[in-house]
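Given below, in the form of structure tokens, are the structures.
You will see chain A twice below: alongside chain B first, and alongside chain C after that.
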Partner chain A sequence: MAKGGVAAERRRPHSHLREATVGYAFILPALVGIVALYLFPLIKTAYLSFTKTGVFGDSTFIGGANYANLVTDPTFGTALRSSAIYTVIVLLAIPISIVIAALIAQVRHGATLYRIAYFLPVVTLPVAVGMVWRFIYNGDFGLLNALLSLIGIDGKAWVADPTVAIFAVSAVGIWTSLGTAIIILGAGLQGIPQDLYEAASLDGAGPLRQFRSITLPLLTPSIFFVSVLSVIGSLQMFDLIYVMIGRNNPALSQSQTIVYLFYQKAFVEGNRGYGAAIAIALLLIIMALTAIQFRLQKRWVFYG
Partner chain B sequence: MGNTQPRHHQIIIHAVLGIGAVIMVAPFIWQILTTFKTVTESRAVPPTILPAVWSIAAYERFFTSVPLWSLLGMSLGVLVVRVGGQLVLCSLAAYGFARFRFPGRGLLFGVFLVMLMAPSQLFLISQFDLMKSLHLLDTLPAIAIPGMFSAFGTFLMRQAFIAIPKEFEEAARLDGANSWQLFWRILLPMTGPTLAALGVLTSLYSWNDLLWPLIVASNKHMTLPVGLSLLQGQYGTDYPTLMAGSLIASLPLIIVFVILQRQFFAGIASSGLKG
Partner chain C sequence: MKTQRRTARLLAVSTRAATMTASLAACSGGPSTSTSNTGSEQVTLTYGVWSQEETMQKVADAFEKANPDIKINLQVNPWTEFWTKLQVGAQGGTAPDAFWMLADHFQIYADGGQLLPLDDAIKDANIDMSVYPEALVNLFNYSGKQFGLPKDFDTVGLWYNKAMFDKAGIAYPTTDWTWDDVKSASAKLTDQTAGVYGIAAPLNRQEGFYNTIPQAGGEVITKDGKSGYSDPKTQAGLQYWVDFIKDGNSPTLQQMADTEAVAMFENEQVAMYYGGSFYAKRFYDNEALRAKVDVTELPAGAKKATVINGIQNVGYAQSAHPNELKKFLIYLGSEEAAKIQAATGAVIPAYTGTQKAWVDSMPDFNLQSFMDSTAFSVPYPVSKNTAVWNEYEMTELTKAWQLEESVADAANALSTQMDKALTEEKR
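What follows is the complex of A and B.
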């Protein structure tokens, strides 16, 4: 035994080196890509945000001028507002999803069928989703206004009216994000021990009381996770605006989101430096909101 | 919540879920019905529910004006390269991070974690410049290459490797297996469910992605979402054609989803959505 230990002791420097070499070999292919296609671009975007750079790469250093322009640019202000409205409204999908996930957990038959139905919009091409809803929202012959007229409401041109367009898009955002939330929350529900409910039943707690006192508190970690994901995802929304509003729509200037503005500045107008500053601003906003959510979780998330 | 509830509870639950499910599915039904209408009928006020005459003219217009096979081939090709690339590259790196000690491991994994949290728009400008300087614009590699690498996939796979008890490797090591054999023959097969989840999630992002393909390939070699979004400019208010196109473009993934729904749900549940 002692002899073996000495041999192992002697082998160690060599085997450390060997272990490190093999380890590097395994991570190398992915590392090359991550550095070349992600780390380097991130650093370059940060650099570009301090320059005036056109499509042909002609760049001059201008310090914080792009950021100073951002703060005073009314277009960026409206983009922030649109993204904020979209993000907040899409969060409403979470309470709806909690109820639906809790109900699906209780059905004896057909749970899979319901999950498929609620999940369909997630696997549908966002471009297709946008087109279908643009048709439904049409002011002259859309399905929504036809349904509203049945109950005596005179509908609007939902996605052509600058005052309501972002709200109409946000409603579609809720519709497309229910599926993901229901699945994640449903997995959270499965983690709740069944005997808690049995004990509560014996104590005479009805279904609503059980939901409030057992399901909700024990589901808070999943709810927290879903809301962090939802905020990060919503702040990056692009597709629905691109398809539902579109370039020639008078409502675009009032409804474009941060990422749409980024696309417009960096790739349509070719103003790389300004686009880079928008991307960095988006990163800072996401980091700040995520940090706030993590800070606040202590107040309401229950880790049993 | 318990299995002792009376029968009428089940009926109420099904009623609520059923109404919700109808709201979820109704736009799809409306889309399908519209594809069989004429342009005039699709704009009727009040709208007709069923087409007066079932017509497939919208599908014909779609097929004659859109190079469907080229779009489909591009979307599928990008998906295969992205999924294949991620499964291989992420699991290799994940095994390296999970089972080997080497200088700088914490720092390098930290780099991956930062990339995991950063919004993808931060990378696009420079990725575009890189593809341009490599003369890859408007090609499949330009669309697919960045998506072959994933900090998220590496993170997910690393969790799977860490969860495997070390005893499995120790036994195989004693039998003389080297690191590659351990990885390939023993550990990788044990991460099957995570690999499936990663493959399904990557397929979903790849198939649905609009922004990056729009930036690097919107002239010749387009993917389905880009082609479809251009169709909208061309057929602005010909909704039967637009509905037919969007239905055909969405169907492949919807069919795969209905067949592999377990894997989709497992993927989403284990990780949430992250592009």
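What follows is the complex of A and C.
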């Protein structure tokens, strides 16, 4: 130990430089990856958003015209609305997950089974999930309407009716996001020291009071983490719309999300510049909402 | 805790938001070279298709047998991904050497210099272009150059369920039928309480209003490149469909979004269906349906018409082996390749004289009607960037099909938007 220290002392004049070089050499592979796969595309996309770029990359600089069009484009407004509805509704998965996670924590045997059951939608191919729900929602032959008819309700064409389609898709969004939330919140629950509950019950606190005064406050960091992820994920939703609504559906124009619009403009219509502007607008929206969440967390997140 | 939070933030914001944009910028790479080596004896060509895998493999095998130094690598990408992948591949230099092309996508590729001109190859091989339907050849000619050889074509016919006609006591449709005959028959065939409809009136281009618009004497796109949707005749071709929904003789657009119209025809919920020749094999392979259905020419409006469309084989301009590629493309347009495809019944080959094998491949159906229909066929309407106004067609006409707006209002709004898009694409 002492010997090593002496040796290190002697090498000092060079060691800073050498350590730095070695350090940079170590992060180089990761750095190259980040620059090539994230930074460069990001800058390139930002640049594209100021150009008129066709299908095969032929681009001319047109300044802020794409953004000017975006602001006045009614389809972008509708897409924002659909994405907002979806995002808000999917946030409901958090309170549901807290309850389920708390219930699973009470289960003595087979808790893993429940966790797997709730986590399955997360590891299932979104396309498969979308297809199955599409069948369930079918207006004429769907399982949902078959069940509703038992209690005398004549159900709608859930994913073809423009007035309800985005809500029907959002319900599936909740279902698919429960798994991750339950795992994270469940881990948060396990991190709460058991003696707090023991002390509380000695003081005469009932289960509800314990939940409100111990579980919930100590769970807030996990809740915050899940809500940040949920908002970002929801704003980027594409696959459920693509699979459950699809083209040739009268509900599409009312239900398409921002990313679906991005896909439509950039890849179907071949207007890459406009697509890039949509992508950058979405990036800014996500950054703003995430920043607001981080600002607001000071008021309600409890870091014991 | 602080570092943890910062990591979370970095992860959350940068990774997720950037991955989305990455997909966009990933398609801006330069041209790459083909993996195969020009110096070696064997050359490998890739051939991108979206279906008919078995049939196309047979064609490729036959070509390989005659040309042992060229290997064909069939790449099948399903329809939903085909065009996105092709666009990205064409820009990145990784598109297949030979691939299928459709008229509505063609001009943007030809204009972008992505396709190999075939004029010299056609001349060298002494190909007589009159062996293909003229409308198809013209669809793939851009600024005086020929970029594709027609592979197959499809016209549209009136498919009908004989059993349902018998039950309603109505005579089967004939080549003399007009729009009025379809209207009165559809009313008699409809039994809403049983969930049975006389006809399906989906919002379809190729199998729907692109046929009835020329039948009414209208146009989707005029000769001087303007929208035809403000023309009352064009609007009459749309009204024809909307009336079926309005009168309750067709399922609603919402029902047809949940269950495809063609599936409703197969389930015998719908007695008449305007369907392409490409459905013949699907209906024929359905044992329960085969004996019950047949097909005839589309009924006449002001005149008879069917839209004609088809797949063409084109070559990628940046292919590393243009000479071998031309050889392969010429083969794909040959009589031999056409015969292989006709025998399987998958498609109607475009090469004149080879279609009989297709007609005979399903003797229970009157497939000759699709051949006879070429006499009054009109080319599939396209412009340079067809996808843009195709989207407007869907959003605007949906309002008419949903009975929220009159056909005139929807079509006039569409006409304005489409004209704007057509001006835009010329810049």
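Definition applied: the second predicted complex is superposed on the first by the 293 of 304 C-alpha atoms of A that agree within 3 Å, B and C clash if a C-alpha of one lies under 4 Å from a C-alpha of the other, contacts with A are read in each partner's own complex, and residues count from 1 in each chain.
Just so it is clear, contacts are C-beta pairs under 8 Å (C-beta built on N, C-alpha and C of every residue); 3 or more make two chains touch, one makes a residue touch a chain.
If you're wondering where the values come from, they're calculated on a predicted model, not measured in any experiment.
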I'd like to know which partner A:270 touches here: chain B for first, chain C for second, both or neither.
second
Please determine whether it is chain B or chain C that touches the greater number of chain A residues.
B
Can A:232 be said to touch chain B (first), chain C (second), both, or neither?
both
Would you check which partner chain A:259 touches, where first means chain B only, second means chain C only, and both and neither mean what they say?
both
Which partner chains sit in contact with A:41 here, chain B, chain C, both or neither? Use first/second/both/neither.
both
Looking at A:143 after the superposition, I want to know if it touches chain B, chain C, both of them or none. Which is it: first, second, both, neither?
first
In the overlay, answer first, second, both or neither for which of chain B and chain C A:106 touches.
first
Contact-wise, after the overlay, does A:201 reach chain B, chain C, both or neither (first, second, both, neither)?
first
Contacts of A:72 with chain B and chain C, given as first, second, both or neither
neither
Quick check on the output: what are the common chain A residues between the chain B footprint and the chain C footprint?
37-38, 40-42, 44-45, 48, 57, 140-141, 225, 229, 232-233, 236, 246, 259, 262, 266-267, 272, 275-276, 279-280, 282-283, 286-287, 290
Of all residues in chain C, those that touch chain A in their complex
1, 5, 8-9, 12-22, 24-28, 83-84, 87, 90-91, 108, 112-114, 195, 202-204, 253-255, 257-259, 385, 387-388, 391, 394-395, 398, 401-402
With touch defined as at the start, can you tell me which chain A residues reach chain B in the complex?
16, 19-27, 29-31, 33-42, 44-45, 48, 57, 100, 103-108, 110, 112-128, 131-133, 135-136, 140-141, 143, 146, 149, 175, 178, 180, 183-184, 186-187, 197-198, 201, 207, 210-211, 215, 225-226, 229, 232-233, 235-236, 238-239, 242-243, 246, 259, 262-263, 266-267, 272, 275-276, 279-280, 282-283, 286-287, 290
Chain C touches which residues of chain A in the complex?
37-38, 40-42, 44-45, 48, 54-58, 75, 137-142, 157, 159-162, 225, 228-229, 232-233, 236, 246-253, 259, 262, 264, 266-272, 275-276, 279-280, 282-283, 286-287, 290, 294, 303
Help me check something: in the complex, which residues belonging to chain B touch chain A?
1-2, 4-5, 9-10, 13-14, 16-17, 20-21, 23-25, 27-28, 30-31, 34, 42-47, 89-90, 92-93, 95-97, 99-103, 105, 108, 111-112, 114-115, 117-130, 145-146, 148-149, 151, 154, 179, 183, 204, 207-208, 210-211, 214-215, 224-225, 228-229, 232, 239, 242-243, 246-247, 249-250, 253-254, 257-258, 261, 264-265, 268-269, 272-275
